[in-house]
Amino acid sequence: MSEADCVTCGAAVALPEDAEVGEIVDCGGCGTELEVVGVDPAELAEAPDLAEDWGE
Amino acid sequence: MSEADCVTCGAAVALPEDAEVGEIVDCGGCGTELEVVGVDPAELAEAPDLAEDWGE
Amino acid sequence: MTLTASVVGASGFAGGELLRLLTAHPEFEVVQATSRQYENRTVGYVHPNLRELDLRFSAPDDLDAVDALFAATPHGVSMENVEAYLDAADTLVDLSADFRLGSEAAYDQWYDGHTAPAYLDRAVYALPELGREGLDGADIVASGGCNATATMLALKPLVDAGLLTPDDQVVADLKVGSSEGGAGGGPASSHPERSGVVRPYAPTGHRHEAEIEEQLGLSLSFSVHAVDMVRGAAATCHTFPTGGKAAEGEIETPDLWSAYRDAYEDEPFVRLVAGGGGVYRYPEPKSVAGTNLAEVGFAADGDRVVAFAAIDNVMKGAAGQAVHAANLAFGLDETAGLNQLGLHPVGSP
Amino acid sequence: MTLTASVVGASGFAGGELLRLLTAHPEFEVVQATSRQYENRTVGYVHPNLRELDLRFSAPDDLDAVDALFAATPHGVSMENVEAYLDAADTLVDLSADFRLGSEAAYDQWYDGHTAPAYLDRAVYALPELGREGLDGADIVASGGCNATATMLALKPLVDAGLLTPDDQVVADLKVGSSEGGAGGGPASSHPERSGVVRPYAPTGHRHEAEIEEQLGLSLSFSVHAVDMVRGAAATCHTFPTGGKAAEGEIETPDLWSAYRDAYEDEPFVRLVAGGGGVYRYPEPKSVAGTNLAEVGFAADGDRVVAFAAIDNVMKGAAGQAVHAANLAFGLDETAGLNQLGLHPVGSP
Amino acid sequence: MTLTASVVGASGFAGGELLRLLTAHPEFEVVQATSRQYENRTVGYVHPNLRELDLRFSAPDDLDAVDALFAATPHGVSMENVEAYLDAADTLVDLSADFRLGSEAAYDQWYDGHTAPAYLDRAVYALPELGREGLDGADIVASGGCNATATMLALKPLVDAGLLTPDDQVVADLKVGSSEGGAGGGPASSHPERSGVVRPYAPTGHRHEAEIEEQLGLSLSFSVHAVDMVRGAAATCHTFPTGGKAAEGEIETPDLWSAYRDAYEDEPFVRLVAGGGGVYRYPEPKSVAGTNLAEVGFAADGDRVVAFAAIDNVMKGAAGQAVHAANLAFGLDETAGLNQLGLHPVGSP
Amino acid sequence: MTLTASVVGASGFAGGELLRLLTAHPEFEVVQATSRQYENRTVGYVHPNLRELDLRFSAPDDLDAVDALFAATPHGVSMENVEAYLDAADTLVDLSADFRLGSEAAYDQWYDGHTAPAYLDRAVYALPELGREGLDGADIVASGGCNATATMLALKPLVDAGLLTPDDQVVADLKVGSSEGGAGGGPASSHPERSGVVRPYAPTGHRHEAEIEEQLGLSLSFSVHAVDMVRGAAATCHTFPTGGKAAEGEIETPDLWSAYRDAYEDEPFVRLVAGGGGVYRYPEPKSVAGTNLAEVGFAADGDRVVAFAAIDNVMKGAAGQAVHAANLAFGLDETAGLNQLGLHPVGSP
């Protein structure tokens, strides 16, 4: 299981064993939705924002 | 504009001018969802039921 | 022609609604609104929706002469004051239960008796959909009760069509909003205790049974539940009809449509809702909140017919009903002042 | 001893509640929580009350071996996957209706048939207050449905005491919260449309009737109304008993207290509430929200007995019931992990 | 004279409210109501309050010629279709944000640009209390947004009176109902998730800031919270004025009364509520639900002035505002069709 | 070791919650619960969630000797009775404001003075996240107020990190539930009047400002709004920091994460929620209802930082806070008895 840092809050995020590029995980520390952009080494980027769609 | 009788409550339902077979209208009297099954002459049948999907 | 009107009990929920209706009514003009607690305060102090009204509460013991006096007071008050009210007004429209039952004996059985039984004969019961006889020119109009109104509107077509007979089993299960308790609610009406409830508050023996038995000739099992809304009364009447077509076999939906249409097709304040599509398929209080409409409907299931009705208890169940009856008593257009449309979407009105 | 557990359907309402219970349970440890929509997301992404849980959703087709697999999936899913579930787990605790009825014929009549009828005999129905036989060591536990649970808990004492006989008339009128619809609700479940409703959503023919008839031997008239709360199911059962003492005359309140005490005095999750004083006099869902308790009570009125029950549909009606049954299946203390106390005051939980 | 009108987006919340208003309007007649999802269905299928309306939804790409076309469509739709709308109608009344800002540059900054910038100059912004210039005879009316309307109505008197200057700090904290999200809400709008919330859904950077800055010349800090109601938007504006009297010392309550009276004494749809007695002392959405009224008020505290406004977002914040503007555009009495009174008591409308 | 405890004011909301917590607490045993109104009634008469408790209310003037006395009485009662309380108990844990401020002068300024100023020095203010000094072994614990708790938890990290300085502008806009008013609410608390509100009930000058200024050294503009929920307090603090990194330019989100983590990473009852995905992105009262947790978070926007906190006012804002402080005062595990998990879904708890 590889790890990468959350781009928002810096927490270490463990990736699933079979993580593939394009998958979405949320940071366990701050909840940011992160896209797996690299697997070896693991790399994360902020996922495309859906912010306008929630709430109202 | 042609008319046909609602199969549930007997009210006359006016069909849109360009009504086609397969279109859904609701009866203005009882609200039953009706499928246009014939256009010349106009004929209506109860639309496939969605009853289990509403409410809960 | 403008008719003058007073509202006694105008600081209450039904009284406030009367002010809303009469203020916008084409034929009535409100000359007095009484309150003991809020004497001399503006009407808007209590009813924020009526801040624009240039009217102050006055004492109930100092009544001007008017054409119509509406009494929206707790049970017992208008029987105590009926002479004073009739001295002041040509017509007394009473929203309480004080003149709804036909005989002193009935008040002895269901209430604690009656203090002015001589007036019972002069009173005409008013749920116009059950009949308008006697209302034109009536001295005392006894406006029907909210839960009884919902229940009777649901059941009347089954009775009229001969499907439901006096011996048939009827269970009426009501769900009602907090405004039924009036403005002076106690601990059980506080927001923390009353929010989110499904509370059986009159599991058996509700007094509205008396009214229903007298009017409809049915005896029924009646239970009332408080639920989380402010306005609204919904009656679910589980019936097991044995008369007419029911005697011959199962009742079918088209038979029920005929029965309900026959009963209500000329009624301006009844809307039939029974099945159909979309989100709103049966009567619901929130579809009629703020209006004088009753939604009425039904569902058939073997030998059972479930009859539904939903009203706004403060309108069709109280102030709207009273204005409807007053329109009839004074020979006005019966829908005058009662054309409010409901809202969509609407939360818990 | 720690037992391992998986929750399939863990992103749903009943599944989330299972996670809450199992996490704090002294004997179980959750090893997998499945979701197809939220695979790899933290459990707290969906269930904000469980943000502290260090667990991510996994796919339902990749199941680890566990002692207990809880399936909180829509109707049809666990019958499709029963072999896979039993391969992965010693015991399948199913929260859906898939294994509640006794025979393929019943599924043909009430549902669209059954795809794994061979397993029906291995399943044990679980509403422990009706009987615990067969639960110890069961392979498949079919946890009772929410509306059926409320209704049966209200009625069972009358049946046990011989007051209510199979031919007696029973009308069950239910009021339920929006969580009964699950997490994937459609347009009728949106806040603007669902707020403040009293909505007859299953006026007749609800499938829970089947379950009740099988378990209690009664046939009944069943109607369900959506009301404005999220958690909660309240059953009002209008009954007209003719058996036992009822045959001899009116049933008195003390007879009913005996019947209800006999039925439930040793039950850890039933609380009797019938009359008394204060604000809370009859069973109410908000008194038991968040707990595995059922409030049960009654009111007598001539030849009618109104029986009430109130539960939290996600707890006693789903996840709590399932954990209760699992405790029994594994021979644990049956209250383990189920000692949550309710809240007061509480709004509309 | 009767003016013909179409409503595009008539199956939505603002569109449904337009139908309610125009149907009862003395000068307008609705000839078309469009919906793609519900084409051929009755209007009452979606809007249960309008079951009596004899009108079916038609497709939005088949528009009749009318005097006024009301577009109640999501952002982007009316800029795409502005030519077709102006072909069909003399006047386009747009409820979306598509024509509210003055320049293409503003759309680039706050939105994703604009596809019909040539029409921006022909559009007149409409929140009549800010000014009626240009509305008479306008081609395109850009009806003000709900949250911006509440905020600007609260602040305008302070700006007009010179108390609040462009450099002063203003924090606007809004609380809004679920109908702001429209009829097509997602998972966050489901009843179980949306009930009982205090949810910061636009903690910073809400697009209504742009509209407010353009209209009022103020920059402000804007946060929006979802709370548990269906209709309603309430703005609490925390201001720290430094202009006019404020420069000389503390602002007193009488100064504020002057400022607010000067601003609104001739406005038919603004009601001032600031202190006083009873239960309703400051602006509240539930006092104006279902009406086109805005309640506006204030409280002074040292160098801080808290300015409040409360509206029904679907009425004064959308459909009522649009009809008000249409009345002005066509030279009608500006209150025509907008005299609805609010309700008391009322729950969570 | 079992510690004995009494609850004075046990028929109230905070008192009832204390009973819920202490009953299930591993170290405390409740020996007395006082009520004047309900003397001799069972605790379950008032608090339906505690029907299983075998305890009756006793009079507050007849106190047994105990280790800890919790006073959950209205302002003024515990200062009047402090000697009697300290005679009866080793430690007085007071939930009112009577011992929260440090000096008699402060009570003269913000309240109507103090009747037992000599005891102020013996009292230790308890919001443990602000500091635990003095709590171990304290005689009098002054448990922090609900609105002050929410506000201070939101702001403390900004102060600790030097971002927010005493001269910076802070606007705190609170939204609170009806249980803050206590069990004895008046007309404004009745369900019909209180439902669905967004009601500015303390637009300026709320007494909690005093507590915040003393504890945090900030002065702030404080407004409180009643919204439709029973439990919950949510603080939205609009701040304009000028210290530390803020002096050098805009504050970035990672800086804020550092500040908030530094402040709370070891705190058992604080949960950080700031952005992220899904439905629940910022602190919300309903995520923590029934628990002792505070959700805390923030959003940055140019030179503004919006800081949020959400708590259950009866738990972290009252009874939970008090038990937390008592755990510290008696040297127990500080989370003892406070491990309740929240619910999902949950309506308006």
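Think of it as A, B, C, D, E and F in the order they're written, each chain with its own count starting at 1.
The definition used in the following text is that a contact is a pair of C-beta atoms (placed from the backbone, for glycine too) under 8 Å apart; a residue touches a chain by one contact, two chains touch by 3 or more.
Predicted model only: the values in this text are computed from it and were never measured.
Colleague: Please give the intersection of the contact partners of chain B with those of chain D.
Modeller: Touches both chain B and chain D: C, E.
Colleague: Taking all residue numbers at the chain D to chain F contact, is the shared part over half or under half, that is, same or different?
Modeller: Both copies, chain D as well as chain F, present the same residues to each other, with over half of the numbers appearing on both sides.
Colleague: So using the touch definition from the top, which pair is joined by more C-beta contacts, A-F or C-E?
Modeller: Result: the pair with more contacts is C-E.
Colleague: Provide the C-alpha centroid distance between chain E and chain F, rounded to the nearest whole angstrom.
Modeller: From the centre of chain E to the centre of chain F is 38 Å.
Colleague: Give, as an integer number of Å, the spacing between the C-alpha centres of chain B and chain A.
Modeller: For chain A versus chain B, the centre distance works out to 50 Å.
Colleague: Could you put a whole-Å number on the gap between the CA centroids of chain C and chain F?
Modeller: Computed from C-alpha means, the inter-chain centre distance equals 45 Å.
Colleague: Let me have the rounded angstrom distance from the C-alpha centre of chain A over to the C-alpha centre of chain E, please.
Modeller: Chain centroid spacing, chain A to chain E, equals 39 Å.
Colleague: Which positions in chain E are in touch with at least two other chains?
Modeller: Answer for chain E, listing residues that touch two or more other chains: 13, 41, 45, 178-179, 181, 183, 185, 187-189, 192, 195-196, 199, 229-230, 279-280, 284, 345-349.
Colleague: List, in ascending order, every residue of chain B touching at least 2 other chains.
Modeller: If we look for residues of chain B contacting two or more partner chains, we find 26, 31, 54.
Colleague: Touching chain C in the complex: which residues of chain D?
Modeller: The contact residues of chain D facing chain C are 169, 171, 173, 175, 187-188, 192-193, 195-200, 203-205, 221, 223, 225, 227-229, 232, 234, 236, 238, 240, 279-286, 299-301, 304, 306, 308, 310, 345-349.
Colleague: If we count contacts the way the header does, which residues on chain A are in touch with chain D in the complex?
Modeller: Interface residues on the chain A side: 16, 19, 23-26, 28, 31.
Colleague: Would you mind writing out the residues of chain E in touch with chain D in their complex?
Modeller: Going by the criterion above, the answer is residues 13, 178-179, 181, 183, 185, 187, 189-192, 194-196, 230, 347-348.
Colleague: Once bound in the complex, which stretches of chain C touch chain E?
Modeller: For chain C paired with chain E, touching residues are 13, 16-17, 20, 23-24, 41, 45-52, 177-179, 183, 229-231, 271, 273, 276-280, 284, 287, 289-291, 314, 339-349.
Colleague: In the complex formed with chain C, which residues of chain B make contact?
Modeller: 8-10, 26-27, 29-33, 47, 50, 54
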